[in-house]
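Structures given as structure tokens follow.
In the two complexes that follow, chain A is the common piece, with chain B as its partner first and chain C second.
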Partner chain A sequence: MPELKICFNLNGREVTVMAPPDMTLLELLREKLDLTGTKKGCEIGECGACTVIINKKAVNSCMVLVPQVEGTEVITVEGLSQNGELDSLQQSFIKNHAIQCGFCTPGMLMSAKALLMNNPNPTKEEIKEAISGNLCRCTGYIQIIKAIASASK
Partner chain B sequence: MADSSITRVDVLAKALGKAKYTDDLKFDNMLYLKVVRCPHPHARVIGINKEKALAIEGVVAVLTATDIPGLPCQPKERPILVPEIARYAGDGVALVVAESPKAALEGAEAVRVEYELLEAVFDPEEALKTGAPLVHGDNNVAAQSKVCKGDVEAGFKEADLILEREYNTHRVEHAPIEPEVAIAVPTFEGITVYCPTNSPFQVRQIVAETMAMPQSQIRLFQPTIGGSFGSKCYDAGVLASRAALAAKLTGRPCKIVYTREESIVESTKRHPYKMKYKVGVKKNGKLTAMEVKIIGDSGAYKSKTPFVISRSSIEATGPYVVPNVHTEAICVYTNNVTSCAMRGFGSPQVAYASELLMDELAEKLGIDPLKFRRINGLKDNSLSATGQVMQNVTLDECLDKLEQEIKWSSRKAELKQQDKTGSIVKGLGLACMYRGESFGSAGQGSDYAGATLQVQRDGSITLYSAMSEVGQGGHTMLVRVVSEVLGIKPSRIFVSPVDTCYVPDSGPTVATRGTYVIGNAIRLAAEEVKAKFAEVAAEELGVRPEELVFKDERIYCPGDPSKSISFSRIAAQCYLKSKSPYGYGWWSPPVGSWDREKGQGEAYSSYVYGACAAEVELDLDLGKVEVMKFVAVHDVGKALDKEEVKGQIAGGVSMGIGYALMEDLVVRQGVVKTVNFDEYLLPTSLDIHEIIPVIVEQPSSYGPLGAKGLGEPVMSAVAPAILNAIADALGTRVYDLPANLEAVLDKARAAKGRCCND
Partner chain C sequence: MIKEYYQPLKLAEALTFLSVFPGPVHILAGGTDLLVNMRKGQIKPEGIVDLSKIEELKTISQEGDNLSIGALVTFSELAAHPLVQELISVLACGAKAVGSPQIRNRGTVGGNIANASPAADLVPVLVALDGVAVIAKQNGLRKVPVAELIVGPYKTSLEPGEIIIRIEVNVPPKGTGMAYKKVGRRNALAISRLNGVCLLKLEDEIIKDVSLIIGSATPTPHRFTDVEEYLVGKNISQELLEEAGVMAREHVLAVTGKRPSSNYKLPVVERLTVRLLQVAWKGDKAYA
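So, the complex of A and B:
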């Protein structure tokens, strides 16, 4: 399959890459752009480990094909901290013990970030809803919910 | 001090997305592997045609069992590649090696395997009958275990009430969010394998045996691990061996990563059990005898089945005094997917059965279920089912805290008054648990750990241990122990990644032995350094070593402020004076006597206890159960970090909710049907409501700083507490797991029918 030229904004920078049109954004990030923070857990849009933000919305990157990102703004976990400063969500996840094995963490952080971008003061129910597509097998979610709530204050 | 929160050593990299998990690693010139699996539950491989696959662009090789230089499999264990007979629908038959994952996949689809189908058996009871198809050996028995105390017949004669019940627990998946993966890199000396596993030395051994190479030439390196729950032991060994085989034969780095579907089809599961209980009790609530028969499905291979079943038989009565016990447990080979270790390791199944049974007995006798547990619960100096004199029993304390936290009596009374005419009903239930720490005397594995500690010239410290950081905070626990012993800031202590080249063989991080066994080895290593440093410091300061205290990065005499020197000065002095700045610790738990014939003796040197309560809301029209509140009281010995302990408890409760209500690995005629997370349902944030962890601290006589292991106990009492709450809400019982929508709806309808007919 001939490769396509794709231009989009990734973590604040314009990037141009060549990629086959049937490649997922998840593969593009991990294999072509060496951004391995975004994880792969199911490849069918069920686990949320691959969550990134596209135009302010949390999206499962395993369900997005490369041509769909043309001209969009994409943020991955690598783009969360700014100038060496942790994002308040990252700080809060650490402080509230919301990280165990850490495999779900990047996806959780991105779902939470998208929520706070659109709704800076979410209720507990809104937080639960926002991360309901992100599976965590380790924490039982309680401390993750607490971390997101305390970052939103 | 010990219970202050320190930041976990592994979380910053994880929060930044910079922690490197195995699939994140890349090597130049790397090849990719895909496994060709047998789709039949029992079949003989007649021929493998590689031609079409080899013709595909990018396919480098197609490997089969004949390419394996060493052992294709241990007796009765899952083969790296099937030499002749495939025993379940998931056994690997060939391995395609290709330049890209895509070419590997196309190659795997093009391999043609000819099979002769063999008769298969899926039900453990069927498998025991004479004439049943044989999976291994001549009788399909994978393992047996017994516990006999007193005279059950006499015990039943004394009883005022005898109850007989059958419970079935189902097969569930570990489902860490990181699927299985391994990378093997050929080196001049041997092979380096990168692999997430909680049994690094077992995996190394399997690779060495597959490759017919000395273990010392296989180097196993553990990158960050994305969860395990017991799954990354033998499964990891199979992947690592496949990668090593391909790497050695091609001379190039080889990566094998499973999709979720491959993971669920191939990997090991929790043992499904059928459990028959017969129990006798007096009117005053005292148990007189218990007879238990367990038959478990081992699946196609042996794996850790003998150890799992041994624990189940020991713990089958629950934490209660039962004067007469006869337990017989047997696990049977079938052509189902293999069962192995999973968080709880044989405890959750029997905790489920015994706790449902206790509840029903209490109900029949008209005794409050919590009081019933107190009447029969183990206390100090009680005799356990194996005849062990129990010490430091904290069951009553756990029950006290549970009673207070959930306001047991008043809440029970309130719920009794609830209006049950609507579609939502509520219920409250409880369950207790106990669990022996580590492998125990019944021989569930040799139990030992070593650890090394090096103080660098600047006084910073490097720890080497085989503790697998599977997300439980194991590395942070080690740092905390060393920090306590040597008075050094945690930020100055670095935990080396697990690398079999450097760290002492310590067995696996399973069976709640991480804190207990490895924690003790590192404590001893730190104490050795302390003794050496005290000597050097004493000489410098002109005091006796015994007078010195290690605190706040200093070594000093508490009585005399002038006699004080920094820890780092002494470290430098050691190097200057050619004195060893190393500490080495080796520890194994005390082993008690054990009579294998009768299953009597000191089964474990230390036990943990817990008591849990669940409050559920049940929708009678949908069969949906929500666990609105879950109180989990656990004796953790000493909480090294309260928030981390709470995280472990919440994680275990969530997994227990999945076990009780929704998770179900469906296998039909040996073929797994629920192969991804759209069909195999894990609890999400919407399924979790209030979880209240409560900590009881009865310092362990053996654990480092008094701590006890926690990872596994937190799972055991969850499902029975929920099922007892469902019974309270419905007025009728679900006996088999999972209590999913259909099961609950069935019971709800039956209950409704009954009350309408009344």
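So, the complex of A and C:
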């Protein structure tokens, strides 16, 4: 099948792309749009490394076909910083040592961002719930939870 | 190779497409099962009809004694809906038990039924509420109880060209106690080893009505009518609930036969049953 033309808002900008219909959003971001901040892990919805925000909700970009983003607003980790300045959540991750190898970090940030967009003052339980679909093999999560909590204050 | 990807805005268009497309065509809703199966190469669709833009399949509304849930409603939307929280909180519990926030933001009610996994977390709740699936085809509608639509593990009686459009569940009478519990290896992203749901209506300590399902324990989710019938009309007591636990255990053993996992699973079936009944009886405080 020929490629389809898909229009959506990506990190605040309207974009139009041509993509085969069985391409995932994850593949589109990484292979066609050079946005490699979004990480490719399991590709079956289990690790959360590929998390992006679609219409204010955290989703696994490996679980979305490109045509499904038609008309939506997508935010990737590249969309967090404004005018070259890191988002307060990103700064909080750095300050709280919430990053070791960094592979899970973009996904963690996007899950946390989606939480804060909908709930600016989450409880610790709500923070844990929000990142329950994101695996981290390094940090043991404690610093990540702290980083999100202190960014929400 | 996908030859055709169709993304209709109206149900009627989707039904027409399904009725004319010649090759194997798959319905796509949230994609959380389909994309995994495509990735593993278990499914190679020639055509995809993507329902995710059909707004008319995303509504939740009350119609008399029924709550009607659009097939494309996601787990997150279901759990957060005011009517669900007010009238049938156990549906929200089932929805919240699924996967992770990311999966709940995509996965749909219709997909949970159509996928027909024995470990599905929402399906047992729908069955406990006597949920009926409303199924559309090019030339009409049919209604089938969810419990009958699922005919085996990963098998439904859906025919080619058919789309589940909504599920109608009974709103339990006021004062009905409800309980839901999932038993998995960990909280998030765990496939249910067991799950269970119970609805309990008492009148002066006499059991008027009860609906009980232990899910993931049997190939298809169904109400444990033998246990239910034993309970109805009796005075509720801890001893009675213990008896129900033993009966549920025997029920599962009778359905599945002895399995390597029985030694582990059956005792949990028993305790889960007692616990569900207790929570439906006394509220969460029963185990606080």
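Keep in mind that, in the parts below, the second predicted complex is superposed on the first by the 153 of 153 C-alpha atoms of A that agree within 3 Å, B and C clash if a C-alpha of one lies under 4 Å from a C-alpha of the other, contacts with A are read in each partner's own complex, and residues count from 1 in each chain.
One rule holds in what follows: a residue touches a chain if its C-beta (ideal position, glycine included) is under 8 Å from a C-beta of that chain, and two chains touch if they have at least 3 such contacts.
All values derive from a computational prediction rather than experimental measurement.
Student: Taking the superposition on A as described, I'd like to know which of chain B and chain C A:59 touches: first, second, both or neither.
Tutor: In the superposed model, A:59 contacts chain C only, not chain B.
Student: Tell me the contact category for A:132 with respect to chain B and chain C: first, second, both or neither.
Tutor: both
Student: Name the contact category of A:141: first (chain B only), second (chain C only), both, or neither.
Tutor: first
Student: Tell me which partner A:46 touches in the superposition: chain B (first), chain C (second), both or neither.
Tutor: Touch status of A:46: both partners.
Student: Counting only touches as set out at the top, which of chain B and chain C does A:15 meet: first, second, both, neither?
Tutor: In the superposition, A:15 contacts neither chain B nor chain C.
Student: Is A:106 in contact with chain B, with chain C, with both, or with neither (first, second, both, neither)?
Tutor: A:106 sits against chain B, while chain C stays out of touch.
Student: Using the touch definition from the top, say if A:38 reaches chain B (first), chain C (second), both or neither.
Tutor: In the superposition, A:38 touches chain B alone.
Student: Going by the contact definition given at the top, which residues of chain A touch chain B in one complex and chain C in the other?
Tutor: Common to the two interfaces on chain A: residues 43-44, 46, 129, 132-134.
Student: Spell out the residues on chain A that touch chain B in their complex, using ranges where they run on.
Tutor: For this pair, the touching residues of chain A are 30, 34-44, 46-47, 49, 76-78, 80-81, 86, 90, 93-94, 96-97, 99-106, 109, 127-129, 131-145.
Student: Please name which positions on chain B make contact with chain A in the complex.
Tutor: Of all residues in chain B, those touching chain A are 7-8, 10-12, 14-21, 23-24, 26, 175-179, 224-227, 229, 259-260, 470-473, 643-644, 646-647, 649-655, 676-678, 682, 684-686, 688, 691.
Student: In the complex, go through chain C and note every residue touching chain A.
Tutor: Going by the criterion above, the answer is residues 1-5, 7, 28, 30-32, 35-36, 38-40, 48, 50, 52-53, 76, 99-103, 105-106, 187-189.
Student: Quick check on the complex: what are the chain A residues that touch chain C?
Tutor: Those residues of chain A that touch chain C are 1, 4, 20-22, 24, 43-46, 48, 51, 57-60, 62-65, 67-68, 70-71, 111, 114, 129-130, 132-134.
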